[in-house]
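The letters A, B, C and D name the chains in turn, as written, and every chain counts its residues from 1.
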Amino acid sequence: MSLTDANLVLHVSNFSVDYGYADEAIRAVTDVSFSLGRSRVLGVAGESGSGKSTLVYGLTRLLRAPGVITAGDVRLRLSGAREGEIIDLLAATEDDLRAIRWSEISIVMQSALNALNPLHKIGKEFDEVLRVHDGRLSKSQRRQRAEELLALVGLQPDRLQRYPHELSGGQRQRVMIALALALRPQLVIMDEPTTALDVVTQREIVSELHELRERLGFALIFITHDLSLLVELADEIMVMYAGRIVERAPALDLYRAPRHPYTLGLMESFPPLSGERVAMTGIPGSPPNLKTPPAGCPFHPRCAYAHDRCRNEMPPLNDIEDGGRSVACWLHDPASPVEVPVSLSRRGDTTPGGVK
Amino acid sequence: MTTRGDIVLDARHLSRTFTARREKGFFKKKYGQRAVDDVSVTLRAGEVLAIVGESGSGKSVLARMLARIVPPTSGELWLNESQIDLSARRGIDYARHVQLVLQDPFAAINPVRGIRHTLERPLLIHGANKGDVVERSRDVLASVSLTPPDDYLERYPHELSGGQLQRVNIARGLAVNPSVLLADEPISMLDVSVRLGVLNLLRELCDTHLLAMMYITHDIASARYIADETAVMYAGQVVERARGTAIMDAPVHPYTQLLINSVPNPDHLARRDSGASEAKASGFNLDGCRFSPRCPQAMDICHGNQPPEFDLGGGHTSRCWLSATDEQRTAVSIATR
Amino acid sequence: MKSLRIPRSPKVIVGLIILGIFVVLTVIGPWIAPYDPNANTFIPNLTPSWEHWFGTTTLGQDVLSQLLVGCRVTMVVGFIAGLVATLISIAVGLAAGYMGGRTDEGLSLLANVFLAIPGLPLLIVINSYLPAGSQANPLVVGLVIALTGWAWGARVLRAQTMSLRDRDFVEASRIIGEKRWRIMWSEIGPNLLPIIAASLLFTILYAVGVYSTLAFLGLTNVSTWNWGTMMYWAQSNNAALANEWWWLAPPGVAIALVGTSLALINFGIDEFINPRLRAAGLSARQRRRVGLARRPRLGFTPVLRQSTVDPKKVS
Amino acid sequence: MASNSIDEKGNHGVTTLLRRLAIYLFTAWTTITVNFVLPRLMPGDPIQQLIGKLQGRVTPEMIAAIKAQFGQGLNQSMWTQYVHYLTQLLHGDLGVSITLSSPVSDVLSSQIWWTVGLIGVGAVVSFFIGTALGVFFGWTRGSRADVVIPAATFLQSVPYYFLGTILIMIFAATLHWFPLMGAYDPTLSPEWSWTYIASVLRYGELPLASIVLSSLAGWMLGMRNMMVTTMSEDFVLMAVAKGLSRRRVMWHAARNAVLPSVANLALTIGLLVSGSLLVEQIFNYPGVGNLLVNAVGNEDYPLLQGIFLLITFTVLGANFLADALYYVLDPRTRTAAVH
């Protein structure tokens, strides 16, 4: 329930979020638990409406009205001067939160153009966070620091004099990443930071992110709908569907040997860039409407292996095998009347590229 | 009687330059000012030609020129072996033969009109009998697997999911039985899990109706999945093209190679050199090879001379000096000196 | 057009009720007026009483009767001017916004000129040159008001049309071969309805205000009863100095109420056009009911340790 | 060689500003032309009627001057008259006021400062207070402070002349807190003395308050809407995520939200001036508004026209200043975007 392991940065248990109040409320995130180790990368995959963004905005208490956190416990281990202290994010006061924001947790939003104040030069964005959180820095020190940060993401120092609209999409997103690292936070959250960019730019930014993380050692929560991208980037991946975690596994294990039919379906939704061309099916149907979620497992209407129990009972997220994997699927219940298909029972150490 | 492989739409040397445009109010035009520069494409019955490119590569402008809603600055357009008079206004007849399906289904369907209106309009415009219209709307909905059609006909766009809307969007394009279907990034706005369904639908429509189809995308893997022929565009030009999967399996042009290496691919987890720096990431060259400022293999010749399309055999071409013979390069060097 | 539903907030309902009352009074006002508004046979300066609900004027006239009779002229001029101005602005805004190019340049210039010239002084100048007979004619005055009041709506509609013109569904209509006028009318038009409605409300508001102002200045025929002329007579008889509030208040409050009702209805339209304005907030009572200690603040998502969602729905 | 986009529009912000200037100049010319055409084209020939009425009441020279100004009885082509009219305007000659028997330009230059002072100060004060209130009520949306919204809506709908009259009735006639009317103590004569200036300020309080009160609600409601809209932008949430103080976050939002208000400034100045002209009528305050109403009543067409031109030009000038302010405040108008 708490953050006993000193190597953990964040511990989340039974976290739930609603949108709206009373009769109009819908359940956007249900019963999410996970923990994140120092310098680890956690990938969150899911389609629009799966609750992945709601989850992280909720954790950081940044979710806008009418979002309401309805259950859970979120603990963050502080670093730096407050090393060893543990803060309960859901019980924290506004002042507590303000003190740890950006210095301990920073966030990169999907659209850098919208996230940067259009009236501020880039330099001012850096100057502001540095000044607010560290009053000891002089103006020239802040400027020097800003230039270092830009250099870190491969941008020229003269970009500080530019306005956001004068930069290209890739440059803006780099600025956002540099800004997020400005105070050396131990946790950085990135919400689809590369979705709006071209693949080539995405590749450049993702590579940079790798280097930066190895160099600076921050923990990262990376959200995207692109599972392949996550497999490259993340240590561990959570797949979300209809507000719940349906599968959680180390990245390569998830890729080589998915256990949830939805994860498998997602993978088979990306045609491969090599090998034989074969017909693929994707996932039939469409994601559920959260206002009227189906009874039982929310995925059952689209699932080829659904049986009676799936239609009536919500499967819990259970640990399976060893190696820290868990899946929420009745298929893997010992009492399942349906035999687990080969595609969902492969061993995790099979050669890469086995999923075709 | 059309047979598979017949040339339906043939575009030769199409170019489009956008001259300086006056700012109108606070609204910007949707596609940028970059030109399409001397692009030739051939669409064949029952085949899919994929155009792959980044945003701003000119692929959408190309599609709009083929649909004749953006007039080309120069070039020729042949439909069913007769030349189209590009100086004339696009007639209703051309619209019946060539249809364009737009990218974003949420934007491409009028939010305040019902699905029925959206499907009936093309039929009525193109002279369908008022009595038949409902029946034909049902048929076309069924052909994009929205069944039973009556469940959809009376609904409004906000009541449908993205995947369903995109099917309606495609159905509208199909309603008049066109011979050419141009699909502009038809899956990029959709949820990941429904993308393949739409791709499969397009392929199936292409095969059953012997449609000549152009599939525009920034996702080269989806092009590999669906296309009979693929062309890669960069800065308004086709830099490489090939039939089948040759482009993905053995890319020749450095840009194509960069594109393919950039696609997230867990099967090749070896760290790729990002080489990310601004100098490489921006700009294109108007005098020489457009890609030369970013190209890791650029030679002197590339900066001052535009490469032509070099034929590599089997319909595979590459617009790159690397594909030229030594004699060809020498000839150009001498000529420019 | 199901999706064009204006939110039915209490504001909109109150606005519709108030406006409805005045519309009814416009129709029946002169018939239910207890006295002849011109009759100056009553005791002057009576405070409100059962005989004279709103009292009498210094001239011995019944204020209620003037108010009821004046309602019709004021409202009719306001609505006619508002309607005509809105029609002009639809035509100009749609044509300029959709056609673009020269048409747009010309029409926009025209609208910009009318926007920049201060309306009331222009109106006063035009009005003063009108023959005496026309000045007295509310219809003529209404049309002149419409002439000075269309440009704002045209500008807003033009901007909106331009943003719609570049939207994919309009392009899709062009692709299937739809004719230009049909795209404007059948595809773009329905999407403009909320803005047209807002523009209509504003021009009516403007017209009622301007017409009563002209009347207050004595620039219309002062023997035609409307709410402006009532204020004109009150002002010229120094009602304010004599503290005759019952004479001043009815016309002023009536205009303010009409204006408020239009503005309240417009709140609903605003929230429809711009969903961000929709009340995300809860009243204090609703908050207590769902168990929130205080108003949700930006960046501090409230924590409510019990879900409000029916557990059966989530199973 | 390498360039980001084929056609760079480097300084289109300045171009936009110059375009606005061109529109205002065109509007000024239109106004002048309307002023020229209206009396000549109106049915019933109002000028002929005026001259008829004036016979015997004013000097023959004046009648001749009016005839010349409005082209009566001269066998000149319209074009010649028009050129003559423009030439006179360029020399600052607006004709002679019939009722005051002095050049219109003199009359106006002696009265304009009252109007500019009162309305100008009123406009600026109400813009700042209204905007500040709008920021506050936008920021606290959803709290109890929301109750002011219906009240402000009502206040916004109150016709100005009614508000002014009621203010006089309550605060001047009944409570005697303020002087009843006029611009200064009638026992004083205009001079640069402290007593006189103090009297002007004292007499200006209530009219100023009425202007501020009547236009405040409009600014406030508009600003509140913009504030609410802006607060749902990502960069405001970013400001919170960066751990900035509430004041600083509010400033981020307010600075952006004020832009549409400034953009609207130009549109609203005309309305504001129109409404405020009444202030002089109601408070019996000197100034062009008062002159305007009197000119209409007396059919003093030369004066009427002069006032109209003056007001229009002032409004156009203010519009241009507002546009320039917007240009200064929003960097996006100054530099082209890279796309």
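One rule holds in what follows: a contact is a pair of C-beta atoms (placed from the backbone, for glycine too) under 8 Å apart; a residue touches a chain by one contact, two chains touch by 3 or more.
Note that the structure is predicted; figures quoted are calculated from it, not measured.
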B-C against A-B, pair bridged by the larger set of C-beta contacts: A-B
Taking each chain's C-alpha mean as its centre, the one farthest from subunit A: D
Distance between chain centroids, defined by C-alpha means - subunit A, subunit C (Å): 49
Subunit A-subunit B separation of Cα centroids, rounded to whole Å: 33
Chain centre separation in whole Å, for subunit D relative to subunit C (CA means): 22
Overlap residues in subunit B, where contacts from two or more other chains coincide: 282
Multi-partner residues of subunit D (at least 2 other chains): 4, 142, 232, 237, 240-241, 339
Interface hub residues of subunit A, defined as touching at least two other chains: 62, 64-65, 97, 168
In the complex, subunit A residues that touch subunit D: 60, 62, 64-65, 97-103, 106-107, 109, 111, 114-119, 121, 128-129, 132-133, 163, 165-168
Touch list for subunit C against partner subunit A, complex: 280-282, 286, 289-290, 292, 296-309, 313-315
Sites on subunit D touched by subunit A in the complex: 4, 142, 232-235, 237-245, 248, 252, 255-256, 329-332, 335, 337-339
Complex contact set, residues of subunit B against subunit C: 24-27, 29-30, 67, 69, 92, 95-96, 99-100, 102-104, 107-113, 121-122, 125-126, 156, 158, 169, 172-173, 175-176
Contact set on subunit A toward subunit B in their complex: 47-48, 154-156, 168, 170-171, 198-208, 210-211, 225-229, 231-232, 252, 255, 265-266, 268-274, 277, 279-284, 286-287, 302, 352-353
